[in-house]
Amino acid sequence: MTNPARDYWRSLEELADSPDFAAVVEREVPRFRDVLDKFDRRQFLTLMAASMALAGLSGCGPEPNPQQRLPYVEAPPGVVPGRQRYYATAHTRDGYAEGVLLAHEMARPIKVEGNPDHPASLGAAGAITQASILSLYNPRRAQTVVGPGQISSWEGFVAALYRRREQLLKKRGEGLRLLTGTITSPSLGAQIAALQTAFPAMRWHQWEPLHRDNELAADQMAYGRPVARVFDLAAADVIFAVDSDLISAAPGWLAYARQFAARRRPDETGGKMSRVYAIESTPTLIGAKADHRLPMRPVEVAASVRFLAGAVGAGPSQWTEIQSPHRDWLKEAAADLTANKGHALVHAGREQSIEIHLLVELINAALGAHGNTVRLIEPPVVSPTLHLQSLSELVGDMQAGKVDTLLILDTNPAYSAPADIPFAAALKRVPFSVSLSLFADESALLATWQVPAKHEYEAWGDARAFDGTATIQQPQVRPLYGGHAPSEVLAVLQGNTQPDDLTLVRQFWQRQQGAGSAAEGNPQSLAGDAGGGQTGPQSSGSSQPALAAAEAFEAFWHEALRRGVVANTAAPPLTLTPKAGLAEGLRPLPLGGEAAIDLLFRPDEGLWDGRHAENPWLLELARTFTRLTWDNAALIAPATAKKHGVKTGDVVAIATRYGATKAPVFVLPGQAPDTATLWLGWGRQAGALAEGVGFDAYRLRGAAEPWLARATRFEKTGETYRLATTQGHDRVAGRDLIREFTLDRFNNDPEYVKQKSKDVSLYPGYIYPDRAWAMAIDLNSCIGCQACTIACQAENNVPTVGKDMVHFGRIMHWLRIDRYYSGSPDDPDVAFEPMPCMHCENAPCEVVCPVHATVHDHEGLNLMVYNRCVGTRFCSNNCPYKVRRFNFYDFAAATERPPESWNPDVSVRGRGVMEKCTYCIQRIKVKEIEAERDGRKLRDGEVVTACQQSCPTQAIVFGDRNDSHSHVARRKATPLDYVLLDDLNTRPRTSYAAIVHNPNPAIGKEQS
Amino acid sequence: MSLPGELPADEPIVAPAVTMSSLSFEVSSRVLRPGAPRWWWIGFGFSFALFILLVIQLAWLFIFGIGVWGVNIPVAWGFAISEYVWWIALASGGTIISALFHITRQPWRAATNRIAETMLLSAIPCAGLMPIMHLGRQGLFYWLFPYSSVMGVWPQVRSPLWWDFICLFCYILMSIMYYYTGLLSDLATVRDLARSRFKQIFYGVLALGWRGSSREWRNHKIVYAIMSAIMAPMVISVHSVVGLDFAGGLTTGWHDTQFPPYFFFGAVISGTAVIVMLTIIVRWGYRLQDVITQYHLNAMAKVVLVGSLLLAYAYLWEAFGSIYSSDIAEYTEYMHRMFGFTAAGFWAEKALVVIIPQLLWLPAVRRNQTMLFLISGGIIVGMWIERYVFTTASLEHNYMPSYWGLFYPTFWDWAALAGTIGLFLTMFFVLIRLVPIVSMAEVRDIIEKKKRGEA
Amino acid sequence: MAIFGPSANLLTKAVLLAGTGLFLILLLMVWVVPVMGYNSQERYAPQQPVPFSHKHHVSGLGLDCRYCHDKVEVSSNAGMPPTETCMTCHSQVWTRADVLAPVRQSLAQGVNLRWTSVYVLPDYVFFDHSIHIAKGVGCTDCHGPIGDMALTWKATTLYMSWCLDCHRNPAPHLRPRDQVFNPHWVPGPNTPSGAELMKAYDIHPERLTDCGTCHR
Amino acid sequence: MREPYGLIGVFATPEAIQQAAAQLRRLGLHGVEAYTPYPVEGLGELLHPGRKLFLPILMFVAALCGAAWGYFIQYWDEALDYPLNVGGRPHNSWPAFMVSTFEFMLLVTVFAGFVGLLVASRLPQLYHPLFNADEFGRASRDGFVLCVEMRDPSFDLATVSRIFERCGAERIEEVTA
């Protein structure tokens, strides 16, 4: 395989030649879509269903128009029909890379999977990453270059920008501004640096709505320089989380989640577990998994952190003299931390104040975390900046008319800027502004030039992971809707009128290698194109002859592309110690006692900062705690709700110093009193699918308090709003669905832990002699991130249905995550329970199907034969686990995605047919056939289900139960293993490992 | 059935004035008269309008799919199935009156069984239509027939749905044969009275040349007796199997061994109730007060009363089982049914089906046609609510709390209900126009017996 | 004045007889109609852009199936040969033949040839060539005397029942691996029996009739 | 000239016709048949003595066949032709087969009874000489008609009509074929 991308391009030409493809593109042109958008989605669905039905009526008898086959003109090497090939690249979130592999079927990318070789993925992939494939194919992406007032072309844009360049060169770049998001791309960094030298007066601004300014500022105070952290949760026996996004959103969270979970499985670690404390204002994943959790208002959080600092000797000891109901709790936690010096870790979330970040840093230092559980490294980010400051300076200059040329690359400040930074207004005063974006978003519509961007999977580029490891991104598909990479736009400024991202990236890395791959390891110097220093292993120093160098580079290049990782680019650790006397320097806390509502701004799980708002999978993904789809809401605690006399669905008017909006209320157990969490990223003003969905929390967000704002108004309006949630009831209602034990119960009383199986049946049991597929799900490991749900959706062609259908109870997810509360609604225990099909051996669903549409096979799979199903729906009624889904309309036909983006190995279900989790039978069969062809037995771990593969914590294990050495058999052997509703004697193949808590005896909060 | 055979002194089973010839002329004339009476046209027009609604509903359903109804997951069965049960129950009532009371030799059965059976034939299509409509892919319902064609696949005969399908299939065919067997001699009467050539041929062909020879009568007696003896257990089995559709699954609130009899009781009361209503209408419309007397209504009222008592017993038992049982799922489901989303329906149903019918203990009420009519109507509505409540409520609060949901019917759900009622009434009106509505042969027998002071 | 004359009785009997007969015939049709050629499209031979003859290439020139269908042993899909494959020979022989014009054109202009499918499986059926080859099912078992077809025609019904016949009892359809691609294979005296081959290939018929074998 | 078929007498009461029938029987005449608007008890036994078990036996046999057929269909389907593992239940799970077996049994029985009735009563027979009689129509409403066929050699018009009259026939009529 010479150039991995080459053969794909060729085959796409063939693809593009076929009239079908032309038709597809034709059909997907937004113009036609708009007509349909006039209807609400339900009507839209019914219409589609209707047209399908009518079409179906005419389709009887012998093929009216026979199918055609189009063989290649020249066969591309290595493409085997019906077999998937994988190409490595990276998907970025806030600029940080997560390594991925894209599965190609007949050279079409159909699924995103984690790259096992990549430190930030380890083979797992989060929901957003999984869903990125849908954005790639999204027919609503920006497709045309629009110049001032009229439709233009890329060439037109290049010409215009080039002319601009001439003038700018004259005045040394005066008035030229660059606005980007966080950038970790070394090549892009180098390009910008080069521009900076070409245009000395140019200024580069950064705006990432979910910036990490507070962390940066704290580091500046502590170390006088920006740093980044890499945590080692494997070494952490005690973790103290302060509103932490450590295993949900922080760069590298996939890796952290895996380390975290590995320490939470006592049955695999000889009865040892880490202990987790969490104090937070709004529920987080790590808080849900914590052994001790306290919901508290931000002011209390600050006080508690001070207490902790004082208690562990990181701050003045008088900080420990606070009046707080939680004082003893904190004291014990602090004691536990100090007792585990060197094995303790404290982490604060992105949204916490500078002070808290500073204190956390000091506490970690005091606990000897540095070097053990925390590693300080060079930040992978290119020139870390305070984004808020950077943006406000830019806007200031724009208003002052100092900016005449503005390049907005892949960020959308017109929508996401703080309410008191009038970017949109200022943008009108910029004579020449360019917005390079995937969709025609708010900024693009205001800019004089809107240029469609390439999707990451269409472009050449590179990016760094949380630990500095670089990945070279290779295109998976030729741009579907035109579009260009940021590097290409910048190249135009550099005078290159025929920019090509491949050459740009290649040249950069060639220079790196040429420069003796010096600085791998040292991102900063990578960003600048100067090098020097010790030579890396596989590099060939400039002393070698050029030819050898070229060969060496080819080798390096292909290795980097193949593995999806550039070897030895991880940033080296820094050994720094925080300045002394910082804690003492802190001002005393303001006494924020009076009860007004604190507004907490948080990224949305799916839409993130709003950039994924056009992705139906993410819109319909039920949020972890609220199970809310297609909307955001103001999340408030039950107590607060009572106080304000509102309930879920009531609309409240919220205002801050910066702006006002209306929002539906959602009562969320475990939320801190007198706080309301608002998800960012909703309420877009531009966009087809997302426009007007949810409310825009950015309007309430000010530059001074980006994460936490005091509400000046929070009143019931009397209006109500219909929220579509997917979970019917929040508690187990007496069923034996969630099993929980304490660690010492597990260690000292295994008999009690073991479930008594009452396995009696009138009929003789069925024998499964050779293979018996089974799944084991570890509830200790499951952190509720829902990567599996989207993975399943992507793998199995599961359609989206729209808000109304969700509200009707017709959501289609095959794999859902149930979230159960126990304990008081103010501070409940949370348990997550992934629910795939149980593949019961005595399946109740099969017995009631009158047409043999669902039956067992000889390996114990509960099969669903769509083409035999007549749709009596009795199976669903009879399924105690309610894992069956029904196509009430022709959902698949109504889903907006080009036909070539579906997974060809899985039937796309039509109207009136039942469907459900199949244990990814298509994957099983492919491997089975391979093995049979080679005349060997299947190896354990050869078949991997989509959910298992995507799971960051390895909570899901699948395999042959009859093979006692298989991973799944070992998992099922633990005393914690149990099945749901076993008194129904359905004999599920899917079993669960009970939750084990490791409470601090001194705090003695009964957990089990 | 322990119905007192005695005739109330003031309520003869047949008015003395009625002779064999007057009976024959009266009853046949209703069929043979050239134009239909106004009340018939009004009734028929109304029914036909509803029937048109059914046609529209079907078109809408087939074009857009089952999604136009309110069904969802978890409540995958909504109106269609509960109404299917409801219709079957009404239909069964016909067989119960005609078969069960034939083998138990109830004299009053003679004048009413034709109405009962006519009602049965009109109700069965409605029942049969429901499960087909509710399929996801209605066009493929024939896959339930035990034939494999080129697929090589058969139905799954362990499924209660299949039992039910077979049951309904047999029941329809058998009912038609049973109906026709009973009808033969009366068709002959009409044939012999018909004057217009067309009607002569029409009824002549239908009567198959029945002459009433002693040989025919004797064969007829044997076969009709055995048929009745079969139809009786048949109707019981039909409704038991419908019960098994629910009891056969393990869904909370359905998985209940008492369902088969429970459903049969429901059939007794609702079937008889609808017959009472139709009898009152026909009796009034066709002015057959002499043939269908207070006695009949009185007797049927008693059957209704018995039915409501049986049902009351079943209700108590159901409540006891659910509340007393240690099964938390059963318990929560029943609590939801009683006090939750469906509470209103639950209590309304109990009132209409069990409490109000207790008025029938009073002879005065039994003889007051208006009261009788209203109570019967109430029962039928109540039974509909009952089916609806236990079908949906049980699914709403199933084993998986995370997947509890509610059922909201849509316009098209109601359209299906109204439409099938239209179909039912349309068929009924057409049939009472075409066939003699009283089994004359049997009434003659009674008249003769009365002459001789027997019976 | 009877309503009907004496002839009526005879007529009735005739009508009854006819009715019963008709009913039985209709009943029979339910089974007969599907297996009629019209429905199954057996022997259906569509027009192709180039009148390609397997008879000539396979029986005549003795080309191996895999020369053109090169992926058949590794892929679910036997695959149609790319134009370049045709041109390996036809750049030398028949370079002027009009029938081959489309092929030359295809290569020259990079336009795909458009063959009409002879065997069309529904989307919900997942058939894998490679495994059938690996288990010793010969090409001709499904594709009929493909080696002697001047214009390719559909040799089987492709009905599920047809698939099941073999999946229930594979033995008669198995051959030694080296004979799989032999279009004129006939079992010789020392060919191993079907039972032996089943053993050798490790085939378990009971599992072959699992619905999941073909439907996913 | 249409050749005669028989002689009918129309009676008003079941008693009368029974009396007449009894007397004719005593004469040992054959081809005597009564036509009544409802089954008159005893009349059938009188005119066609002997036990008629044909129909009951027919229906009983039909019942057995129906049951066997019903069960076989299911057994063939689930256990013989395409045995599939349905929810871990055995292929021949006979308890589940019973319901349909029962239904098939009843269906076949009733069908046999219905057909048997028609065959045994020689129906359908749209034309019968009796329909030529003016008064025969009463047999289907209020008249009790007794008919003696003339083909019997020992038939004597005078005797029969006398018996009719003596038993109070309201009307006596010759019927021609």
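Assorted remarks:
Here the chain labels run A, B, C and D in written order, and each chain numbers its own residues starting at 1.
As a convention for this text, contacts are C-beta pairs under 8 Å (C-beta built on N, C-alpha and C of every residue); 3 or more make two chains touch, one makes a residue touch a chain.
Values in this document were obtained by computation on a predicted structure and should not be read as measured data.
Chain centres defined as mean CA positions place A nearest to the mean of all protein CA atoms. More contacting C-beta pairs link the chains of A-B than the other of the two pairs A-C and A-B. Chain A and chain C, compared by their mean Cα positions, are separated by 47 Å.
Averaged C-alpha coordinates put the centre of chain A at 59 Å from the centre of chain B. Chain geometry summary: the mean Cα position of chain B and that of chain D are 30 Å apart.
Centre to centre, using the average C-alpha position, chain B and chain C are separated by 53 Å. Residues of chain B in contact with two or more other chains: 148, 152-156, 158, 162, 191, 204, 209. Counting partner chains per residue, chain A has residues 844, 846-847, 852, 855, 857-858, 868 touching two or more of them.
Residue numbers of chain C whose C-beta contacts span two or more other chains: 3-4, 164, 211.
Residue ranges on chain B touching chain D, taken from their complex, read 19-21, 23-25, 146, 148, 152-158, 162-163, 166-167, 170, 173-174, 177-178, 180-181, 185, 188-189, 191-193, 204-205, 208-223, 226-227, 230-231, 233-234, 237, 241, 244, 440-442, 444-445, 448.
Interface residues of chain D facing chain C in the complex, by the touch rule stated above, are 82, 84, 124-128, 131-132, 134.
Listed in rising order, the residues of chain D touching chain A in the complex are 82, 84-90, 93. Interface residues of chain A, counted against chain C in their complex, comprise 13-14, 17-18, 62-63, 66-75, 80-83, 852, 855, 857-859, 861, 863, 865-868, 905-908, 918, 921-922, 925, 929, 932-933, 935.
By the touch rule above, chain D contacts chain B in their complex via residues 14, 33-40, 43-44, 47-48, 52, 55-56, 59, 73-74, 77-78, 81-82, 86-87, 89, 93, 96-97, 99-100, 102-104, 106-107, 109-111, 113-114, 116-118, 120-121, 123-128, 130, 136-137, 139-142.
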